[in-house]
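Chain lettering (A, B, C and D) follows the sequence in which the chains are written, and residue indices restart at 1 in each chain.
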Amino acid sequence: MDPLILGFAVVNGLLIGGIYGGVALGLSLIFGVLRVVNFAHGSLLMVGLYTAYWLQALAGIDPYASVIFTVPLLFCMGYFIQRVIIAPLIWRESALVVEPLSALLLTAGVYLVIDNLALMAFGPDVRSASTSLDMPPIMLGPIPVNMQRFIGFSAAILAAIGLVVWLRQTRMGRAIRATAQNRDAAALSGIDVPMIYAVTFGVGTALLGLFGSLLATFIPITPNVGLSFGIRSFIVVVLGGIGSIPGSILGGLVIGVFEAIASQFVPATSAAILSLGLFILILLVRPGGLMGKL
Amino acid sequence: MSGDGTPLLQVRGISKRFGGLQAVHDLSFDLRRGEILALLGPNGAGKTTAFNMIAGYFRTDQGRILFEGRDIAGRKPWDICRIGIARTFQLSKPFSDLTVAENLMVGGFVRRSEIDEIRAKALEIADFLGMGHQAATEVQHLTAFDRRKLELGRALSTEPKLLLMDEVVAGATPSEAQEMVELVRRIRDRGVTILIVEHVMKVIMALSERVIVMESGRLIANGKPKDVVRQPEVLKAYFGEGYAARA
Amino acid sequence: MALRISKNMGAPQLATKSGYGRMATLLVVAAGVVALALPIAMPDPYFVHSCIVVLLFAYMATSWNFVCGYVGQLSIGHAMFAGVGGYATVLIFSRLGISPWLGMLVGGVLAAMLSVVVGYPTFRLKGPYFALTTIAFAEMIRIWVENTDTFLGIPLNGAAGITVPLVGESWVAFQFNGKTPYYYVILVMLVLALLATWRLERSKLGFYLKAIRGDRDAAEALGISPARYQLVALAISAFMTGVGGGFYAQFFRYVNADRLIGVEFSIDLALMSIIGGQGTVFGPLLGAVLLTPIAEITRGHLGGVLPGLHIVIYGIILILAVLYLPKGLIDPLRSILSRLSKNGRSA
Amino acid sequence: MTHSISRRGVLGIAATMALGSKAFAQPAEVVIGWILPLTGVSASVGQQTRVGAQIATDQINAAGGIKSLGGARIRLVFGDSQSKPDIGVSETERLIQRENVAAVAGAFNSAVTFPASEVAQRYKTPWLTMGAVKDEITERGFEYVFRLNNKAIYDAREQIDAMDFFKKETGKGPKTLAMFYEGSDWGRSHAANVRKLAKERGYDVVLDEAAPPNQVDFSSQLLKIRAAKPDALIVAFYTPDQLLLSRQMMEQRLDLPYGVHSVGGGTEDPAFYKAISPRAVAYYFVQEDRQVDALQGVRYPEYDDLEKKFRELLGYNMSAYGAQGFATMYVLKDALERAASSDRDKLRDALAKTDITSGPALYVGYQRIKFDEHGQNTFAHGAISQNLDGQRRTVWPAESRAKDIKPIWPVPAFGARS
């Protein structure tokens, strides 16, 4: 294989892999704290993408500027979903332990509702947003690096760092970590666990608002675009170690580079089979993932 | 009654290490047919580790565990159950969406295949536990103490020769503890040999003919309860912290 | 469900339970009579066709429930077993000329073999990990079949799928012009699956699966090797699902990977079982009987007007069921039955 | 594109069987069924077809319905296949049994059309294939199955024919081809046909690559194309993937001397052109099911009404799917008039004798509609357009070209475009 082509493949793999990791951050955070597998994760990204699209189509707001709207909006959606749909499950279980399967089914229901509401509201047509900023590719030696993807990649890294710092340094962050470690003990020491849950869910989906805005400029937007990211996000999170923030990014990078290089040797369809196989293998051999504490 | 004297279980030099921690070090003891042996020791002494090694939940790093003369070290929990060793768990783990009778039936399949027979046996055990009237109750509606009794009954349902019990009276009221002591005695009287890990001294004094004491993974004493509690190393290791604090 | 409760266990409850059991038995017998008479009473082919679809999903959901409901694990990959069964049935008939009746059984056996390969490593995983792994396995197989035209000389025909060669009305070829024969075939299959589940309830395997669902460690202490019994149950479930895939192929006369091995198909089976009441004999049947027509009616009446609405309704039902009927729709039905039986006694 | 569009029309005459007789009756209703993917990944196609068919139906009814049936009005009923074969079959059963349709049209996806048209055959109900291009659909000896549009093999042949023709015309042309297509039914079957024809015509296929649907990044595949250095690229993708591919090709300035040759799919979807920068699709060759330029000569008033209403309802210009839905209804109207009956057998016989050489049924751009003994419209053909100054203009066949149009061949590199 031509080393230049391989270099291209690695750079592309890192860029898209970082984006996968960034999109998966919220999934990992929510699982780490609430033990809820959010099946609607991809659908919420779709909401972020459409929000960015409509802000541009109706109000002429550049997708990059729309972050100031998408992030709060998605935070509220996440907060609302937790408070209204998932919290009753927690009350029913009377303990603060949600049965992972019930939660998975609930979020699967949310996914069906959101995706098809989007179909009813926006129709099945493909949309795209575009930025008015001029973004020529930057050159990494002979390899051009696409700016829009590079921004997505950088945002993923920064979001992960920001999240880690926030969880370590702030009162709220520490309360979230305490809740993740032992929700009963956290509740006993006066932490408002339901509120922590809702905030965590909100933050996890707010990240999707961010990536909705950043990806809207280069991802085709359809009501079922979430599916493209959904299953891959699960792979990324499991690979990196469920609940681990750096693990999410690392998992994304590994999958991105793995698929990019594999695709040079086999068709994309076979590469997809290989990454599913890698996913199964990791779960079986090292269920804690690359960065898991197991 | 102190058994017929022939050893049922012979533990020979078993050890277990978790990372840097030597949880059990070269532990040896015998358990005679028909006796109730108590395993004592402060928290972290390695009691539960030793217990889990016998029950097949942990692999032994070295040493042998002979049951009726056969080495069972390294066997899987379900095989160990099949050869006649039953156990209870420190935190009772009933099958909460099944009824009492159904809980008591599960273990019966190890010895029998006729379902009516198994059901009859399960109802008999329920009566034995004093829970006959609750046979059709779903376990999630039981009190904590009834769940403990059920845990014991479920172990009995496998018709064991040896019963390993982990802290059966933890959290029980004095009168419940008394009931449990009675129950354990009656189990022994049915011919079941018992190894019991217990913290509550009163229970041990009332039940066991012999105690062994562990500290930091090693055996430090072995004898009649009254004698053992006078040994200085036992006093230091055990009563110095755990028991004194509890009492 | 009814049958589970009718086990006579404790003396004091005996009266209630048998009263309840009698009601349940009556209901089952009545349902059976209705099921037998349906195509005669309502010979409209579309109606019979819809009934077959309901029964097929009921059968598939019952097969799913056989392992997943009883050990409390969520498989979202059961379609792979249906796919193996469906493809095997069609290929054995079209390539070797062997009757699909035999082909369905071979397909079932192949599905059971696949299930052992998949289940052996997978069953060590719990909860969402298990669910995600089953999706991954099924997706690997789906993508592979979609992109494989021939494998070892077997024409899988890639994404195009395979049609069943038409030979006209023939019992041997399992092809009928009318709907009624298919109806009775799937009805018999469903009854057999229900009987198998009913047997499971009172068998060692059933008790063992429920024990594993309750607590794995405790189950091990009672002489149960979880891996072994879960695998046995999975193999039986996969066999049943595979045979169902064979029926699907014969009835629709077409198999393709996108649908038959697709995630959506797997999700449908799981949802019907869960919404109806998993881990019970009749829960999956109830789920299929209620959900399939809802999907069909909303699709028929709203699909052309408000595309997507029927799936929204489906999603809302799922959310409500998980929140308010965690044991499935069978649970309130059960309490109604026992109330009725009490009233009956006092009257 | 042909591939994904299927047309299905079910004509049902509700309850008024007396109509067939010469007795003078109230204007009755003829029910026509359509099976379309109204939800799921192909929902866009289903909706466009539905709108096209509905507009045609409204026009027919407004113009007095089916005159030989005493002015019977046509009513459409739709079934949503969700692109799933079993659901398509069930919906076909419903339309035939419950809605009592006179004919069924559909169902875009070959995977649905295959088993669903067999249902129609079994019930002796005419089935008008819309969109599904799989050759075998009309090769099973089913006398009730008709197809207005191209077969898959026609699509591939037209693409290669056009290349051969440009080569002859200019003396220049590609030697090596790369194929990149979506890895499900349509893309793969098209690729198989191209592969076969390319070999016969002496083209060297240097890359043959499928991708699973709904990708989020094509960088790796573009690298492979770059490394293979083909003279031209043949693609077959649905809209989302086509959008991603076209954008990334422009971003990465992946130049192919003889351009991108797409077979319908996303490049026929008006939503695609709304979403993509015109620069990204400049000089694209698109194999189209509908030939806009060929229609410039003959305009029927129905066309203006159609195009206006279509834009009002969907927000973009007429698509090939909408055109097929529209044309299918006029083919059915023609057959109903001649059958003077909504009886399924009579309607079938009338359809078999269809020979349309004028009128709105030709809106897709065919010069004639006539079915062969397999039910295939042998006059079905597509055209190849090239995207010139932001418009797709027909460049092949030569006789369909507008006077001012000449293909740009080879195509300028991205760097050389203004």
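Just so it is clear, contacts are C-beta pairs under 8 Å (C-beta built on N, C-alpha and C of every residue); 3 or more make two chains touch, one makes a residue touch a chain.
Keep in mind that what you see is a predicted model, and the values were worked out from it rather than measured.
Participant: Quick one: remove chain C in your head and tell me the pieces the remaining chains form.
Facilitator: Contact components excluding chain C, positions unchanged: A, D | B.
Participant: If you average the C-alpha positions per chain, which one ends up nearest the average over all of them?
Facilitator: If we average C-alpha coordinates per chain, C lands closest to the whole-structure average.
Participant: For chain B, which other chain has the most distant CA centre?
Facilitator: D
Participant: With chain centres defined as C-alpha means, what is the inter-centre distance between chain C and chain D in Å?
Facilitator: Distance between chain centres, rounded to whole Å: 38 Å.
Participant: Averaging only over C-alpha atoms, locate the centres of chain B and chain C and give their separation in whole Å.
Facilitator: Measuring from centre to centre gives 42 Å for this pair.
Participant: Quick one: report the Å distance separating chain A from chain B, using the average Cα coordinate of each chain.
Facilitator: Distance between chain centres, rounded to whole Å: 48 Å.
Participant: Quick check: what residues of chain A touch more than one other chain, meaning two or more?
Facilitator: 116, 119, 124, 223, 267, 269, 272
Participant: Spell out, as numbers or ranges, the residues of chain B touching 2 or more other chains.
Facilitator: none
Participant: Indicate the residues of chain D shared as contacts by at least two other chains.
Facilitator: 39, 43, 46-47, 183, 210, 212
Participant: Which two-chain combinations qualify as touching?
Facilitator: Between chains, contact exists in these pairs: A-C, A-D, B-C, C-D.
Participant: With touch defined as at the start, can you tell me which chain D residues reach chain A in the complex?
Facilitator: Those residues of chain D that touch chain A are 39-41, 43-44, 46-47, 183, 209-212, 214-217, 219-221, 223-224, 226-227, 239-241, 243-244, 247, 251-252, 266, 269, 271-272, 274-277, 314, 316.
Participant: Give the list of chain B residues in touch with chain C in this complex.
Facilitator: 55-57, 76-78, 81-82, 86-87, 89, 93-102, 105-107, 109-110, 113, 115, 119, 123, 126, 132-137, 154-155, 157-158
Participant: Quick check: in the complex, which residue numbers of chain A touch chain C?
Facilitator: Listed in rising order, the residues of chain A that touch chain C are 31, 37, 85, 88-89, 92, 100-102, 104-106, 108-113, 115-117, 119-120, 124, 223, 231, 234-235, 238, 267, 269-270, 272-273, 276-277, 279-280, 283-284, 287.
Participant: Which of the residues in chain D end up touching chain C in this complex?
Facilitator: 38-39, 43, 46-47, 50, 77-80, 82-87, 89-91, 93-94, 96-98, 110-111, 114-115, 118, 122, 134, 183-185, 188-189, 210, 212
Participant: Could you pull out which chain C residues touch chain D in their complex?
Facilitator: Spelled out, the residues of chain C in touch with chain D are 44-47, 49-50, 53, 143, 146-147, 158-161, 163, 166, 177, 248, 252-254, 256, 258-259, 264, 296, 299-300, 303-304, 307-308, 311.
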